[in-house]
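Look for subunit A in each of the two complexes below; its partner is subunit B in the first and subunit C in the second.
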Partner chain A sequence: MDSSNDEALDIIVTNVVATFRTRCHLNLRTIALEGTNVIYKPEVGKVLMKLRKPMITASIWSSGKIICTGATSEDEAKLGARRLARCLQKLGFKVRFSAFKVVNVLAVCSMPFAVHLIDFTKNNRPIASYEPELHPAATYRIKNLKATIQVFSTGSLTVTGPNVQNVATAVEQVYPLLFECQKPLHK
Partner chain B sequence: MSSRVCQTCGGTDIDVDQARGSAVCTGCGSVLEDNIIVSEVQFVEGSGGVSSAVGQFVSADGPVKAPLLGSGFHTSVGKESRAQTLQNGKRQIQQLGSQLQLNQHCLDTAFNFFKMVVNKHLTRGRKTEHVIAACLYLVCRTEGTPHMLLDLSDLLQVNVYILGKTFLLLARELCINAPAIDPCLYIPRFAHMLEFGVKTHEVSMTALRLVQRMKRDWMHTGRRPSGLCGAALLVAARMHKFRRTVKDVISVVKVCQNTLRKRLTEFEDTPTSQLTIDEFMRVDLEQECDPPSFIAAQHKAKMQQLEQELAKKLDEVEGEISCYKDEIENELEKSRPKLRGIYAAYAKQIDPDDVEVLSTATEPEELVVEDAELQAATQHLTQDFLCQVIQEEEGQDKKTDDNEHELVPEKEDTGPQRQVPPLAIILGKLPRSASLDLQQTFQAFNKSGTEWSAILELDLDGIDDQEIDKYILNEKEVQVKTELWMKENAEYLKEQREKEERIRKEKEQGMYKEKKKTKSKKREQIEASTASEAIEKMLEKKRISNKINYDVLRDLNRGGVGSGGGGSPSRASSDPPHPNTSTRKRLSRSRRKDPQRKAHEVNQDLATCSHLAGHCFTPQVENSVTMTTQTTQAAADPPTVPEPETSPAPTRPPPNVEEDEEEDEEMEEECVSALQLVGDYGCEMEEEDIF
Partner chain C sequence: MSPPGLRCPGCGSSNIVDDDLYCQSQLVCADCGSVVSEGLLASDPVGGSDVSYSRTTAVAKKPCTNQIKGLQRLKAICRTLRVHREIEDLSQTYYNQAYQHESFIKVSLQKKEVLAGCCVLVSCRLLNWPISMGTISCLLDADPMVVGVVYQAMIKVLNITAPIVNVTDVMEAHSQEYKISSSHVPEELAENSKDLTKRAVALVELAADSWIVTGRKPIPIMMAAVYLAWQSLKPTKQRLKLTLDKFCQMAKVNKHRPAMKRIAEMKEVLCKLGKEIPWVREAVTPDNVVQQVEDILQHRYALLRRALRTHEEALLEQEASSEAPTQISELSEKIPNSSSVEPCEPDAKMAEEPGDEDNNQCVMSEFHSDTQKNQDPTPNWGKRELFAPPCVIHAKKRRVEQPELRDVTGDEEISDSEIESYIRTPREARDFALTQKKLAKGEIEKS
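Entry: the complex of A and B
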């Protein structure tokens, strides 16, 4: 039932989270004092640095671990991470760029039909769960892909997964299930 | 009983006598076995002729040491950890479950769930409270009782989402499929709390129909069921001529005002709302609506579409104008006099910008505003130009011409310049929102994937050093920032220094310990001799709600009857010191003039009045008949209550009765005054008459 061939579903990647290490100790106070666009949080022990060109926010810890969020594609995440490392290098730290890994990708997608959540949950009992008291969407977790899909009654989905390919596969997997429980729309 | 062969005669017929414990061959009579060990239940006669079975029940959960320790204590000394955990859990389940008024069967099921959870080691790292609450809620869902997660979180004072998280996890791990919540389940409960009297059932039925209609109109997916119930009950109440305000309903249903109003407006938008009451009860419309959020999104999409069309039209008009502009420019070029000095610079700048202006003629709607301005400006200017051109050709003053030129290039300068940055932004946005060609990105990612683990050196291509330099402040800026930062965080730095010194000192003394951060503050026990003191102390500690008239609360046990005037606005949580929350709930919802019931509750709460209850009740029972406001239902209540209460009463010595009665009445008045304060409707007058 590969009905997604007819109309291409727009899967829009809105957020990519990546981590990398600089393999050297970083003095947070130096970064805080000598960098622009930085927020120092001494209670937590990290520095938030925001870049403009790829719109990215990075959390920098003194151990040298850095988490990069806000990128819109995996390439952009990598570029932003490298930029950040270059910036730290210029500040005087012996930075080496290692262990870059994309940890999480968030994408949104919209179905052209509305979905009957209660039927959808009933048909996919253990994998899908719907708790209207807590959250308006039904959650569908695909174990082997490690992806989580949240389905709203209007037919829009948010998908999170470890990389973009998984996210796309997850959407393709869930499409037929949603198609079954769709609600015919009135105009 | 194995069929053995007799060794003497070879016969197989062997009689085994359990009573004597012997096996005898019926053929030759030889005894084959003596003193057979039997495993049967034995009975022992106890005192009074009662016969009981000998033995103990052994629990299947793990090995337990011999329960008779020396003298046979039945305390929990020496039990293993697992047994202790289960026992503790059972106790908490009983406690919490009784507050929710669950029956024993539900509590047993909950305990079974808890046992399963413990076996799967899911209690590790979680508060037992949360786990217990989740087990209880699982039972509520599987049994279909009208309990909400909100109720549990109210009882435990825990964030409902935390409980929800635990609940979802347990449901997933135990593979228990909790059926979806049906709002219809909550209707009878809320209807009862809203107190429609005899008509409760009818109102519930109407509300049920409404909820079913809402379900068919797709208003219920993704929404809290309590919100829908609230809206349905409000409408149903009005239909049956009960004046229940929004405030009443939200205090029962536990949603916020805005939510309720929103549901009502959504219901209003459905075609069912147009029917009259009779029609609604009889007829069921076939048509089903779309979910409200979908309709809102469609509306938005329509608006956007309209805007786009408008922008397109403007673009077309602008296109025409730019054509005219070009023609005019050409004309001007031909007839333009040579510009000298500063104007030469302007002339050079116009041309490349002009080209860009043309290329940006097909822009989307972001530039609608600027286009309009540009339109107006160009229109105005073209007319001027035409005049100028005509004048020029007629051989007018060249200088004025130049001035006009100056004006125009400036405007056109700023105009296209305004357009240039937006263009860059637009081009920047496009790759993000286009449909992803996933193959491409995957390949690109593959390429960069080779760099993953191997390369530690920084790959500098694509990184603009100049831009990065902008991110780093220069010396002077660093100084300024350092000063500012130091000033701002002076306190924090001081604290850190002190802490370090303290640690150093302790280290020298050899007393340094790794101190763990205590995350939870233990609440101190409030010690007070009387109820009033306890209330005061508790009030000092925490301000529970801004709906409570705290002054009145403080006067609760102090004043007499007259001080109870202003208590009516405080209804819901005006009894915070009472640990028994079920009575709190009842108090908050009871709006009837029901001193019997309230006296019953007050007797439960105020321990000092409890023994006086019997005396309190007898005069009240007599007066129940005379009070016209009482319904027959309420009268049925007190006869059941005074029975247990009056039984201790006769055991009291008679001479003290008179004195007690007088005291009773005084205490009774105190009890009554508390009732009045708690939010009454004027029973005080009648009670004063009685006593």
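Entry: the complex of A and C
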């Protein structure tokens, strides 16, 4: 995956958030009554529905807008969303699956070396920022990819971006910058 | 000349002349003297003039009352911290600039006070005067997170790049807070602040080399360093018995709970080094390591080198004694094994990291495994190295991926039977509704 070193970096996608619309009004009380695996939150005005097979949690609003979280890939998110729409159809609503969009992807990656965060921040100001008293990681924001990378001193990264491709590109972009600020693992 | 055909309404003559009274234009009949018509006395624009009254009478723009109060608070903070004149001036400039900016002009007064503290903080950082954010939050009596948020917003607004403060620099300022000189406490418990600072700084440097400092909040580390330094400067029974609680009470500082964990971690590192001292006969344990601290710190570089060499030799021995082909598997986390994996200790720092990152950050590394397993060297460096961050040594077990969801395309067929499992039958739904009603009634009757 990564052309700049021999062993491939393992980028593990841990969460995909997607939204879609059902183009019809949904009666939340009916869903809460007739659906299993459902939590009704009347104070917020939404219903949480959990699916088992793609392990997905969906927030359903009465306007017909639905947010799905918990999938581990974009396709899985789509499958889960369709399953959910099908379930709502069965409950009696005139559901039309439309406007499916992956909104956020969270991935985790581990560098084979530790990173000296202070040097990394100094070399990459103002794109990188590091406040050790607030958060142990340095934050690196890539504007054109709309991706945010949090770099920990142990060499672990968490990357968030709008889709999986951006996330991969972000890791590739940041790898050489981290490589030059690496810290030898022992003194 | 008056327009022709105009007649005086009094006498009817047409002899009408312009006879202005000062600035008011008037048409007067020359024969009888009556005023035929007159203009406006003053030509004020309709609806008031374009220039407002306050603008015409204003002298110079003065800062508003709250801004003045904020500046006074800022001066008070600077006096409390006893900083240079330049730092005070710089922070005042920043405060005035930031106050006028749109993102700060309408915030609450509490946030404006926090803004004053952040200006002081940034000026200190720029002019090389080490203070920590914790100190500022204590002074302002504000939540450190709020201070952090305001600080980051302010930096963006004012476009400042401030250098990051090192823990060792802040150490000196921090140790001044501890009131354990001979004027405050009895002689056996008192300590000279210079010696104390020196030893505490050495301890913090040692901690920084062995992964205790990285990623942790600085104040508990400094507290642990001061406590251990104080104990080791005169390791009498009385001092060794005194717990961290009592020490903080005596020194009149607020105790931080993570400091206990830092003390344990530091003692562990000191033990690892203490083992290498050639003239110590008995085993070095966390209980008796405090007496050795002085020697350890004095010769710490030599001891570090020895410890690393011993550790490397031990690893080579282990690898040589193991049998030949051990499986090299790339996806090592999939191998089910019976070795015990210690759960990652949730210390205060870990609680701040986002939840899902915590699960997957440390790829599973087996600890205390008896069987020789050759894993990917990268995730397992916590075991190979002598010093590693606690999160890597006690890594969390990653949840095993379900293999059936590998080849998902997103457009597959969804069978009816799957969906049926998510829907209650009509009978179940009725029962559910009835139970809810009964429960609701029961609660109303109770209350």
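One rule holds in what follows: the second predicted complex is superposed on the first by the 181 of 187 C-alpha atoms of A that agree within 3 Å, B and C clash if a C-alpha of one lies under 4 Å from a C-alpha of the other, contacts with A are read in each partner's own complex, and residues count from 1 in each chain.
Following the convention adopted for this analysis, a contact is a pair of C-beta atoms (placed from the backbone, for glycine too) under 8 Å apart; a residue touches a chain by one contact, two chains touch by 3 or more.
No experiment lies behind these values; they were computed from the predicted model shown.
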{"item": "Three-chain arrangement built on subunit A, subunit B and subunit C clash or fit", "value": "clash"}
{"item": "Which superposed partner A:N15 touches (first subunit B, second subunit C, both, neither)", "value": "second"}
{"item": "First (subunit B), second (subunit C), both or neither touched by A:T154", "value": "both"}
{"item": "Partner chain in contact with A:N27 - subunit B first, subunit C second, else both or neither", "value": "neither"}
{"item": "First (subunit B), second (subunit C), both or neither touched by A:Q173", "value": "neither"}
{"item": "Subunit B versus subunit C as contact partner of A:P112, first or second or both or neither", "value": "second"}
{"item": "First, second, both or neither for A:N104, with subunit B first and subunit C second", "value": "neither"}
{"item": "Subunit B versus subunit C as contact partner of A:S62, first or second or both or neither", "value": "neither"}
{"item": "Which superposed partner A:P54 touches (first subunit B, second subunit C, both, neither)", "value": "second"}
{"item": "Doubly contacted residues of subunit A, that is, touched by subunit B and again by subunit C", "value": "12, 33-37, 51, 53, 72-75, 78-79, 82-83, 86-87, 90-91, 117-118, 121, 125-126, 129-134, 136-137, 152-154, 185-186"}
{"item": "Subunit A-touching residues of subunit B, taken from the complex the two chains share", "value": "148-150, 160-161, 164, 167-168, 171-172, 175, 177, 180-181, 218, 220-226, 287-291, 293-294, 297, 431-433, 435-436, 438, 441-442, 444-445, 448, 451-453, 455-460, 462-465, 467-473, 478, 481-482, 485, 489, 492"}
{"item": "In the complex with subunit A, residue positions of subunit C that touch it", "value": "132-134, 144-145, 148, 151-152, 161, 164, 209, 214-218, 304, 308, 349, 352-354, 356-357, 359-363, 377-379, 381, 385-389, 391-392, 401, 405, 408-412, 414, 416, 418-424, 429, 432-433"}
{"item": "Subunit A to subunit B touching residues, read off their complex", "value": "8, 10-13, 23, 32-37, 40, 42-43, 51, 53, 72-75, 78-79, 82-83, 85-87, 89-91, 95-101, 114, 116-118, 121-122, 125-126, 129-134, 136-137, 152-155, 163-165, 168, 183, 185-186"}
{"item": "Of all residues in subunit A, those that touch subunit C in their complex", "value": "7, 12, 14-15, 33-37, 49, 51, 53-54, 72-79, 82-83, 86-87, 90-91, 106, 108, 110, 112, 117-118, 121, 125-126, 129-137, 150, 152-154, 156, 158, 185-187"}
